[in-house]
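Note sheet for the following structure.
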Amino acid sequence: MTIDIVAVRAAIGRLALAMERDFELLNKADGALGDGDLGVTMTRGMRAISEKAEDLPEDLGQALLACAQAFTKSSGSSYGTLLATGIMAIAKQVKGETEVGADRVPELVALARDQMQARGKAELGGKTVLDSLDAVAGATAALSDPAEVADAAARAVTEALEAFRDRKATVGRARIFGEKSVGLDDPGMLAMERIVKALADREG
Amino acid sequence: MKKILNAPEAYVDEMLAGLTAAHPEYYRLHGDSGRVVARAKAGKEGKVGIVTGGGSGHLPVFTGYVGEGLLDACAIGDVFASPSAEQMADAIRAADSGAGVLRLYGNYGGDVMNFDMAGDLVEFDDITCTTVLLTDDVASAAPEEKEKRRGVAGMVYAYKIAGAAAEEGRDLEGVTAAAQKAADACRSIGVALSPCTVPQAGKPTFEIADDEIEMGMGIHGEPGVWRGKLRTADEIAGEMMDRLFDDMPVGQGDRVSIMVNSLGATPPEELYILYNVVKARLEGAGATIVMPLVGRYATSMEMAGVSFTMMKLDDELEKLLTAPCDCAFWRVG
Amino acid sequence: MKKILNAPEAYVDEMLAGLTAAHPEYYRLHGDSGRVVARAKAGKEGKVGIVTGGGSGHLPVFTGYVGEGLLDACAIGDVFASPSAEQMADAIRAADSGAGVLRLYGNYGGDVMNFDMAGDLVEFDDITCTTVLLTDDVASAAPEEKEKRRGVAGMVYAYKIAGAAAEEGRDLEGVTAAAQKAADACRSIGVALSPCTVPQAGKPTFEIADDEIEMGMGIHGEPGVWRGKLRTADEIAGEMMDRLFDDMPVGQGDRVSIMVNSLGATPPEELYILYNVVKARLEGAGATIVMPLVGRYATSMEMAGVSFTMMKLDDELEKLLTAPCDCAFWRVG
Amino acid sequence: MTIDIVAVRAAIGRLALAMERDFELLNKADGALGDGDLGVTMTRGMRAISEKAEDLPEDLGQALLACAQAFTKSSGSSYGTLLATGIMAIAKQVKGETEVGADRVPELVALARDQMQARGKAELGGKTVLDSLDAVAGATAALSDPAEVADAAARAVTEALEAFRDRKATVGRARIFGEKSVGLDDPGMLAMERIVKALADREG
């Protein structure tokens, strides 16, 4: 089983639903360490993408580029811009392809991570979405079976969230909370946990 | 705090509609995102463009400073939220007349990422961009981490300097250098007395007791350096000047401009009471005050509090500071 | 509401010290009562003088409007309290350059008695005085008792018109007639959302629930026409325009200026949201808007709320309104 | 017994004391129907006059003129300006005299009342200080014995206060309180009651 536009559309559907469901959860997490808009960013962004889902071209690069642009237009929040940056990086990489194997996942996630790091100018290990992606890229490396990739990704993203929970935030609005951020989930890592689980179809 | 508005979602768009309707001689909406404001009369052909951007709720910052001798265009987000990269790209396009565009704005994570991405987007239009970030708030990071500091009211000085440099006909490099020099010469410190309410959030940005103030609090309610009992105007102003002087010593013969800025609700009467101390401290240090600015230059809606911004001048900065400018909120010359 | 001040008794004197120190090019203290502000550069020799006066706490009203094309001098009292007759007499003397002096101020009992007494005092100096009282607040008395109405932000329009007439070289009679015409052409209405605190009183001027507003409330907290739940910006602006139109109908071909004024804490964002309705209503009635004024022109320190002032123009008033003027808070031309 | 500068100085002393004593009372009465500063006005004014008391000339006209000016400089409140207007009117009338008989009291009070009315442009019967003075002038008319004049004045000013209590205020800041002013003393009438009693030395 490979990833094609049909799979992308299905994933968009699952993700959009998950983000409607997690609206309050993400706002609340961001409210504790930031400005409380992460749920808004994610539902708005996914609604914008959902509206385009049916019209997405077969070319995965073009399709993902359209998704990134829809997300970017929907808000200017940090997370939205970072996600769009990551999706755009993947889009460029798969331009012209209509099918992508599960074995490409680690490479593409790492690519997104790197581009997002360049955009946000933050270090790895800073308790941000980058650490979630880093964990996913690491855990899926060398895997190629779709189910195994999905399992590993879902497990890794949750483990990263838990592993970083008791560390201090060093980046973005959360940084100003300093010691108070210890024990609280980074909102961006929490959001990425929900995103990866929805994409991997490994909820609950 | 009560606000006069219709739907919270309509706050920014209605505000921009009113702003451009009330001052059609200064502002016009550009493009169709509805969130880019450009000069009503385009700047001189071949002039370097200057854009800024950031969240709404800080009038006259950011949009208000679009005007002659100041900015060419501005992308404006929801209240206290970054505009999108697309909107910023549109603002850059509006500002460009072939000589390149300086992105001049405050150091906030979302704004930085979006302006960078906007730069990527306009590369396709062959527009050359430079960047100068304001990091003037001394309360937001130690001097060793100066580059992490937030940008606050120092922005207004930087707009003025960069705008005058561009109006003089300098090239992109020259305008950027002047803006960077202005940014480097500015230090700010704020004190908050009461919060404001972000319309879509519907509740105050922070809570503070009736007899408390917070020194160094950010304009969105970011924690400051201490919170304590309200003090006298002389004590508050004294500590603020101490903190500015600690970060940027001022001495005999220096020429400085100083801004005593209301964050919104604090009335000019109180600013003038503070100004007495500001003046005594600067002149006591042997400095000469040039074009003091006392008023509402950078606000957070109805937040009560004040900020001081000090800019140390050399001949170049002083000339650019006192050059003419004109927008609906500020006129020089 | 927290205020930044030193001793309450020192509030006004420190405020005036700061004001004149920050803007020495516009203002100077005159005489030794410490409560008279005059132009830094005297007006033209032989020009009719214009004085005003009233309580402190309303900046830019009253003192702020001393300047070219505006006032010559101003006597200023404690917060919300009339200056003394002696101080007013001093202000009249400062304004006089031989051509007589117009006393132009708002209809408040104490101010009227004191300005009258001040007139008696300066008779000994052979200064001829005339008087024009602003009675623009439609909420403060029925049309049949128009002469009992309070003066509010309409004052600003009257200063502008009278100032321009004096600058043109008109004689005392001519300046007085122009000022009276302006006063007659102005109608105002205010709505208050929150009170302010008079420093020496130390407590708010009135109490109002967190979800209530008062339509027609006076700038010192005088009772209005109704108190009720906060409404949308469109509803508030709609009712305010209704009340203005009821008192002074506006129709096809009329030319009017409109001021959307913050009483202090209300930010410009909200004024612009209101301006959309104001503009739609005026243009809907067939009128043309001339030089709309949106901002803080007449305030009550940190009070939240807004007032609208409408001035119907004829050719003479429009010419005087758009003539140049210059003070630290307002510039035209 | 006639009124000379010694009597005036004694009266100033009594009045200044009374005003210190009634500071809160008058502020409170004015707070209910106005801006709450009437006690401030009266104590400030009387302090200003007291400072000059020793230096007042024998000429009662000159002495009262100095008192009026001291009061005027001390504040710009309505009541202060009205009182100064009344004192000035009396001053003009007794200019050049060093002694004034008790029989002149009704004439001088009426004069003050008329000048104050001209200054304040209010009607008699409007529940203001004018009505207190009107009552005093009426009650003392045709009397000449100092003790009788003092008794009649003190009685009349209290009766006027009571008679007007249940009427509606029509003048000054109190006017805006409309119906709410019924049952409340007009602050200016209350102040005049205290003033007359102190001058007449008929306290309590």
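Each chain gets a letter, A, B, C and D, in the order it is written, and its residues are counted from 1.
As a convention for this text, a residue touches a chain if its C-beta (ideal position, glycine included) is under 8 Å from a C-beta of that chain, and two chains touch if they have at least 3 such contacts.
A quick note: this is a predicted structure, and the numbers were derived from the prediction, not measured.
J.: Which neighbours do chain A and chain D have in common?
T.: none
J.: Between chain C and chain D, tell me the centre distance in angstrom, where each centre is the average of that chain's C-alpha atoms.
T.: The separation of the two C-alpha centroids amounts to 33 Å.
J.: Roughly how far is chain A from chain C, going centre to centre by Cα mean, in whole Å?
T.: Here the centre of chain C sits 57 Å away from the centre of chain A.
J.: Any idea how many Å lie between the Cα centroids of chain B and chain C?
T.: Computed value for the inter-centroid distance: 30 Å.
J.: Which chains are in touch, pair by pair?
T.: A-B, B-C, C-D
J.: Spell out the part of chain B that touches chain C in their complex, as residue ranges.
T.: That would be residues 1-6, 11, 14-19, 21-23, 56-57, 59-60, 64, 193-194, 210-211, 213, 230, 232-234, 236, 260, 264-276, 279, 292, 294, 296, 299, 301-302, 304, 306, 331 of chain B.
J.: Mind listing the chain A positions that touch chain B in their complex?
T.: Checking each residue of chain A against chain B gives 35-37, 69, 72-78, 80-82, 84-85, 119-121, 171-173, 176-177.
J.: Please give the residue numbers of chain B that touch chain A in the complex, ascending.
T.: Counting only chain B, the residues touching chain A are 33, 77-78, 80-88, 109-114, 116-117, 140, 201, 218, 220, 222-223.
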